[in-house]
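Next up: some structures, all given as structure tokens.
The two complexes that follow have subunit A in common; it is paired with subunit B in the first and with subunit C in the second.
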Partner chain A sequence: MRDRGIIVGGLILFLGLITFPVWYNVTAGSTAKGPEPKRPEQEKTCVAPVGYMRTSHMDLLMDWRDEVVRRHNRKFTAYDGKSYTIGLTQTCMKCHTSKADFCDRCHNYAGVAPTCWDCHIDPKLVQRSTG
Partner chain B sequence: MNALSAFVVVLALAALAFVGGQVVILRPLFGVILPWAAILTLLLGLTHRVILWARAPVPFRIPTTSGQQKSLPWIKAGWLESPSSTPGVIARMALEVGLFRSLFRNTKAELREGPRLVFGEDKALWLAALLFHWSLLVIFLRHLRSFMEPVPAFVKALAALDGFFQVGAPVLYVTDIIIVLAVGYLLLRRLRNPQVRYISLFFDYFALFLLLGVVITGIFMRYVTRIDTVAVKQLALGLVTFAPTVPKEVGSLLFVHLFLLSALAACFPFSKLMHMGGIFLSPTRTLANTNRMKRHVNPWNSPVKVHTYEEWEEEFRDKITAAGLPLERE
Partner chain C sequence: MSMDRRRFLGVAGLSALAIAAQSSLAALARGRQGAGAAEAPAATRWAMVIDPKQCLKDEGCTDCMAACDKAHNVPHFPESAHEVKWIWKEHFDKAFPEQGSLYTAEAFRDRPILVLCNHCDNPPCVRVCPTKATWKREDGVVMMDWHRCIGCKYCIVSCPYGSRSFNFFDPRPRIKELSPDFPTRTIGVVEKCNFCEERLAKGQRPACVEACREKALVFGNLYDPASEVRELLRTRYTIRRKPELGTNPEIYYLV
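After this line comes the complex of A and B, so read on.
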């Protein structure tokens, strides 16, 4: 058959599509550099070790939610014995003040859309709109 | 026996990658060099295969049909089942690739009491195959979030749709459940059905176990043991921007995931997995049925030296006349 043109065309199309991430990153100028979320300056320890927070902070947040919503418990004792009040906006965002500079950096980088902000509000946004 | 050896080989590969992921000097090997080598093998091998197929001569139309061929105007032709035009071929191919229409016609035969051979429909294989392939495509596209920066909108939209039920955090993806069930069924079918088990080769099981291994490690990393997603993305971006890094936060399970996938990719051009390209190069599917509409002459027919009866008669005219035999041309 005289279908070689179609076959080679299809092959080139496939190779172009499968290597699409390569071209995409070249045009976007992306590198393997991380998102670098802005860390708090004054506070040195978090409610859990950094390794745990990096991989499993959502577990902790879900546990916190259940503790408050279902058991009405707002007290959390951390791994190092310190006591914290359970609360995303109250406790987490006291140190990690900016959603845009902390939460969103990694979430956008990894393409994650957490549902936290369906209910919780970004304090900075509120300040800006009222003040 | 084939199943057991395939299982053992996959386990050994997984163990190798798990140990390799914990040895510092081996991490670039399992994280960068082997995945690159596997992708290169896949792309070069696939191209080579397709070019080999493209060079194979297909002088005549050999579509497999299950409908009336287009002939006389008053005979209704099956435009889809026996396509006589390119649009018909495209429609039939699209339905075949997207919905596995020919597998939908799959039947089973059973020997019942009597003895009586009973035929029946068997849609389970079609359903499992369809669910598996579509889930695999969705999962493949979802993984682009780690390979592209910024994450494209269609990847985000697909992930949102896949995580529609919003169960837990990270959100449970429906395709993750479907693919386990579908591959599990395909594996059980091979093991349980005696006829299928009889014709199953080592690679049939090997591919399924590799796929299961990749899927299960992926699910474990996402839902159970957790992984530093940012570090994984840095590794993945390093691979596609040719500036490799293997961050120290990347867990061992990712190396198992990557290594099993690399094995699958490296096997791809040499195995039945090439049906991905092969479906588009099947003369029985991609050719329009124009056997009667057009005269198909073999394009490389060499001129044959013929000696016609007339020439023969001319050559032996005197001898035929002498024998008193009749002549075509007096």
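After this line comes the complex of A and C, so read on.
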């Protein structure tokens, strides 16, 4: 049993190495952290309750798309009776002004890449290219 | 009460006849109502009248095209094979191949004629689209749903006017000035003139019509007898591009 020191030392080193990601996240404090999308400061209500928007905003956007493109309807009456013009860049982005600070934060966290922005234009992109 | 066989059969036959008559009458009544509802005429049919004489006053003018490019983020590719066209100038003999003889053509040879999607009443592109990404709206606009286009290019082949273009490359870097209110397209999607559907929804006229200084483009409702287009069609002689194909184009050219 002359090798005990080496064996135990090796085992400790091995355990330390394979649990490194856990320690890394614990020390960085990022394990319990969810995505932190930046909420709009001015407006307090969205076109649907927050819970619904959080889980099903993609369904709402698909409905909006079909309403405008297929049924030529550009008016949306919200759950609280308020009326909105249907539009991703024209309505959503009026309050949620930054794609990077709002959309991307959750999408990156969840590892999803929606194709909306292949065509629809991030208003910030235009400001940067002209300003 | 006793009933012999002959009488029983008679009563049964009459009852069956009465039941059949009732249900078929009801079906007829429903059918008439249904037909009436379907026949309710649409209130609008958008169309355009182009006056080439006015348009050719300044042959170098590109105001309408510039307005369209800006409104719809139309990209510009240097190679003609990759061109994306919504409204553009075509040589007279290409725009109207069946018009003009050897000698009449002299007056128009190499003169540019303004062309765009004809928003046909009987659009062949709609018939061939396998995904229903393009269709004719009730008001006559031949619409496209870019979300649904799979880029098969059938519509490009079927359109006799060359009004449809394919994005062989990413169009974004080729757009001079991005307007955030209208989406760009993406690689692998077909695009064409949408008759400024997004402006019509707001009660505005198409961007090209508004941009023309010579008032060479007139836009209006064909179903309204008092509209400017109807007035022109009533008082002036007009031709359409390749009407013999039966597509029923709704862009008229004043002679």
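Quick notes on this structure:
Please note the rule applied: the second predicted complex is superposed on the first by the 101 of 131 C-alpha atoms of A that agree within 3 Å, B and C clash if a C-alpha of one lies under 4 Å from a C-alpha of the other, contacts with A are read in each partner's own complex, and residues count from 1 in each chain.
Here is the rule we go by: a contact is a pair of C-beta atoms (placed from the backbone, for glycine too) under 8 Å apart; a residue touches a chain by one contact, two chains touch by 3 or more.
No experiment lies behind these values; they were computed from the predicted model shown.
Of the two partner chains placed by the overlay, only subunit C lies in contact with A:126; subunit B stays clear of it. By the touch criterion defined above, A:53 lies against neither subunit B nor subunit C after alignment on the C-alpha atoms of chain A. By the touch criterion stated above, A:74 is placed in contact with subunit C alone, subunit B being left untouched. Comparing subunit C and subunit B on the residues of subunit A they touch gives the larger count to B. By the document's definition of touching, neither partner reaches A:100: not subunit B, not subunit C. In the superposition on chain A, A:90 makes contact with subunit C only, while subunit B stays out of contact range. By the document's definition of touching, of the two partners only subunit B reaches A:4; subunit C does not. Common to the subunit B-facing and subunit C-facing surfaces of subunit A are residues 115. Interface of subunit C with subunit A (complex): residues 73, 137, 143, 145-147, 177-181, 183-186, 197, 201. Contact residues of subunit A toward subunit C in the complex are 65, 69-70, 72, 74, 89-90, 115, 118-123, 125-126, 129-130. The touching residues of subunit B, when paired with subunit A in their complex, are 43, 47, 50-51, 53-54, 58-59, 144-152, 155-156, 159-160, 166, 168-170, 226-231, 233-235, 237-238, 240-241, 243-245, 249, 277, 280-281, 283, 286-287. Contact residues on subunit A toward subunit B in their complex (touch as defined above): 1, 3-4, 7-8, 10-11, 14-15, 18-19, 21-22, 24-26, 28, 30-35, 51, 54-56, 58-59, 61-62, 106, 108-115.
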